[in-house]
Amino acid sequence: MLSVIRRDISEIVSACQALDVQGGVVGTIGVEFEEPSTRTRLSTLAACAELGLHAVEIVERSRLSISKGENLADSYQVMGEIFDLFACRTTAVGMPHRISRWTSKPVLNLGDGPGEHPSQAVSAAVAALDHGLDFRDLTLGVWGDIVKARTIFSTVMTFLLLGARVRLVSMVEGEIPDRLLTAATQLGLDQRLVHLPHKSDLVGVDVMYITRLQQERRAQFTAPSHLTLDLEDIEGVRLVLHPLPRGAEVTEKLWAALRPGLLAHVRRTKRVRKRLLQGLAHGHWTAWGEGVSWTHASHPPGQCSFTSAEEIPFFAQSESKHCAACWSRLW
Amino acid sequence: MLSVIRRDISEIVSACQALDVQGGVVGTIGVEFEEPSTRTRLSTLAACAELGLHAVEIVERSRLSISKGENLADSYQVMGEIFDLFACRTTAVGMPHRISRWTSKPVLNLGDGPGEHPSQAVSAAVAALDHGLDFRDLTLGVWGDIVKARTIFSTVMTFLLLGARVRLVSMVEGEIPDRLLTAATQLGLDQRLVHLPHKSDLVGVDVMYITRLQQERRAQFTAPSHLTLDLEDIEGVRLVLHPLPRGAEVTEKLWAALRPGLLAHVRRTKRVRKRLLQGLAHGHWTAWGEGVSWTHASHPPGQCSFTSAEEIPFFAQSESKHCAACWSRLW
Amino acid sequence: MLSVIRRDISEIVSACQALDVQGGVVGTIGVEFEEPSTRTRLSTLAACAELGLHAVEIVERSRLSISKGENLADSYQVMGEIFDLFACRTTAVGMPHRISRWTSKPVLNLGDGPGEHPSQAVSAAVAALDHGLDFRDLTLGVWGDIVKARTIFSTVMTFLLLGARVRLVSMVEGEIPDRLLTAATQLGLDQRLVHLPHKSDLVGVDVMYITRLQQERRAQFTAPSHLTLDLEDIEGVRLVLHPLPRGAEVTEKLWAALRPGLLAHVRRTKRVRKRLLQGLAHGHWTAWGEGVSWTHASHPPGQCSFTSAEEIPFFAQSESKHCAACWSRLW
């Protein structure tokens, strides 16, 4: 079953690496952002415009009929009759999943709280391909807020599924990335994932993924001042990625060196989102859907057994809770 | 004179029943929503996009120059030079009327407080045609907040003008729909409109129109718990409409049965709005304008005698106050 | 050097007077409004739509990643990879300048606090051409808040550079327009600019530019009731402009007389913005850029020496502070 998943992730990543496309999508997309966003919101809206896909922003819920007492399921069922597809960033983990069950239209998950951020992860994988790297002969080093950053979870799982080895080093001393370790174990990928204590453990990695501390998801800020990365820390690394915004995790000098590559990655991410939206609109990902997931498909799409709010599946949180087939619709 | 009105309402409803149209409108539309809205706002914006009409949202007035001291008449006069047409939902009754006098461009009324909601009413009439019903041989039953719901007022007047009989039953015991009864009397349509006390008086109607209690327009909530409709209450009804959102006026079981039809109606409403916008943009409704109104035309368009804010005509509120010819421009 | 500037301003004004254009621009534009705006925001968005340029509104910064700690320079660098051009109204003077240095894409300054409003000034100059006036044989009279209104600064400098004479009369008794007088002196244009005390000093001007008191930029309001202009005050004037909104600076009677001309000017301004955006998108203003500025070019574009936040150049504030070459990119 996992081989199916690997093949499909690989297919999507390859499709997204293909050359930029202009136009070609006719339709409308409802776009919702519950959380602040610069890169994801703006690059998605620009991607839609360049595709010819008309984006309508679903504004704050206080301005929607939710404030008149409408329940969210009713709202999304109705909106599913109005738009051809959806893209959303939510504060609640698993909310895009729930939305995808309320409407028959495809839903692009643009980040669900500390949950997932699949399009960002695919962009990272496309970056590796663009740099001529082979996943089966590649080590990804991850440095930063490895517990709270949703892009890390999605990116690590994607690289593991594609065959890479991964080294995790937390910027916050002593923090264990339980969620990542559990998910990898469930999928039988844990032999290629290691959790290490020191920054120096990153020496020799091929791709480095850095994030800032996710202050907005931590009640108490833990300053990692003595752990700031500098130029020498990325020596020999062939590709450095950082989802931005930045905090204190990199020096100004390192930032200046990374900037051109990171700005190029912004353009790449817009291109990847265009491909994902195009695939969703044209039904390609749906066609591939049954196996497209970070976990294994345990039942056919559309036959999900979760029905109540309490059962929102938290990706790979526990074997009995997640609903992998449904996740296949969250692209 | 009323025969003219009937013919024109009938023409609009027939035109709006015609097949869906794509593109064909070049121009820009200024869209303003002063009140929360899911279906109306989003379906209008999607309708514009599908027509090729560029919608620009006129955001909250605090962000407009109103906050710098500009008066609203000046603002709309200026905006009339910028956009080709307007669509607005306002909190004040009659405001779309006033806007239509400030600008020479057509204004689509998308709901003015507890006043009117013409495009929703046309959608309901189109639904009846889609179900093969003949207005002259049809009884509309209305159940819900018949006093406060603007869609009820517009829908009842439309069905009466098209030749149907109407039975009104208020969800709030003892409430008299004075405004509806007065308007129907003024138009000589009162013989086909009855106001009845019991839910059981709805037995035998062909079309049922249900609304929730409009809590946001009632200081004190009156719970109609023992009056919730269930499956048996719609037995024999050929078409059930509900403008959504729903409250406690229908059981979960009835809701489940109604959902497919109501979602189909959402698609119908988007289609109707496309036709209305197209007609407005192409000048069709203007061409028909002199007689297109829920009331009779008492003077030629453009010769309205109301000039001050105090005189905002409240639709059919009193013979001496309303300005029917102007309403003809509010489509 | 100044002759170059005069020629280029003249070129832009002539280009913007050319007939209206439809479509022809492919791309996306990021639009940001930090301050309330009716005419500028809506006419810019409508202009984009009519050009076929997809506008994406960069909403309040609290919804952007700025709220997650991202610095503005990083944000604009990233956005420069997403959009093809930018248009912005900022609260801080000089902010569009800074933005234009953070991104390689063209930036249209739509008003920077009390700083500049170039597209409005070009519209005023185009209006003079539309009325068959010759700048070298023309006197512009300015009445209103000559110290705080950014459109006055830009308009006066434009008319001076094009060869006109200018008479300034402040609505607020005793206020000296230091900034204008200094800028004109620096550019050697001061012999054609006079600052006069009385409303009657405006008799005989060819073009009259009127503004309201900019209450939002004055802690303490100074009512100019006895100085309100009336019909007789504009006798003999061939063109009256007013950027709107209006306050107490004109009587209702004068307003009624001016309205048709001012509404025509709203259409003209939309047309001018279309031409400016088209020129920016097609690189015309860049081609002309070296000399296109209200001040003289003291260094080649791209070689600006200002690097810190403290050094935001305030237009022509002092010889040593402004950075004229960079302003050339703010069109």
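Here the chain labels run A, B and C in written order, and each chain numbers its own residues starting at 1.
Here, contacts are C-beta pairs under 8 Å (C-beta built on N, C-alpha and C of every residue); 3 or more make two chains touch, one makes a residue touch a chain.
In this text the structure is predicted, and so the values were computed from the model without any measurement.
Colleague: How far, in degrees, do you have to turn subunit B to put its CA atoms on top of subunit C, rounded to the nearest 5?
Modeller: The superposition gives an angle of 120 degrees.
Colleague: Please decide if copies subunit A and subunit B contact each other with the same set of residue positions, more than half shared, or with different positions, and reply same or different.
Modeller: Different; most numbers are used by only one of subunit A and subunit B.
Colleague: Quick one: subunit A and subunit B, Cα centre-to-centre, how many Å?
Modeller: 43
Colleague: Quick one: which residues in subunit C touch 2 or more of the other chains?
Modeller: Residues: none.
Colleague: For subunit A, which residues are in contact with subunit C within the complex?
Modeller: 33, 36-39, 42-43, 45-46, 49-50, 212, 215-216, 244-247, 259, 263-264, 266-267, 270
Colleague: In the complex, go through subunit B and note every residue touching subunit C.
Modeller: Those in contact with subunit C are residues 28, 30, 54, 56, 58, 62-71, 74-75, 77-83.
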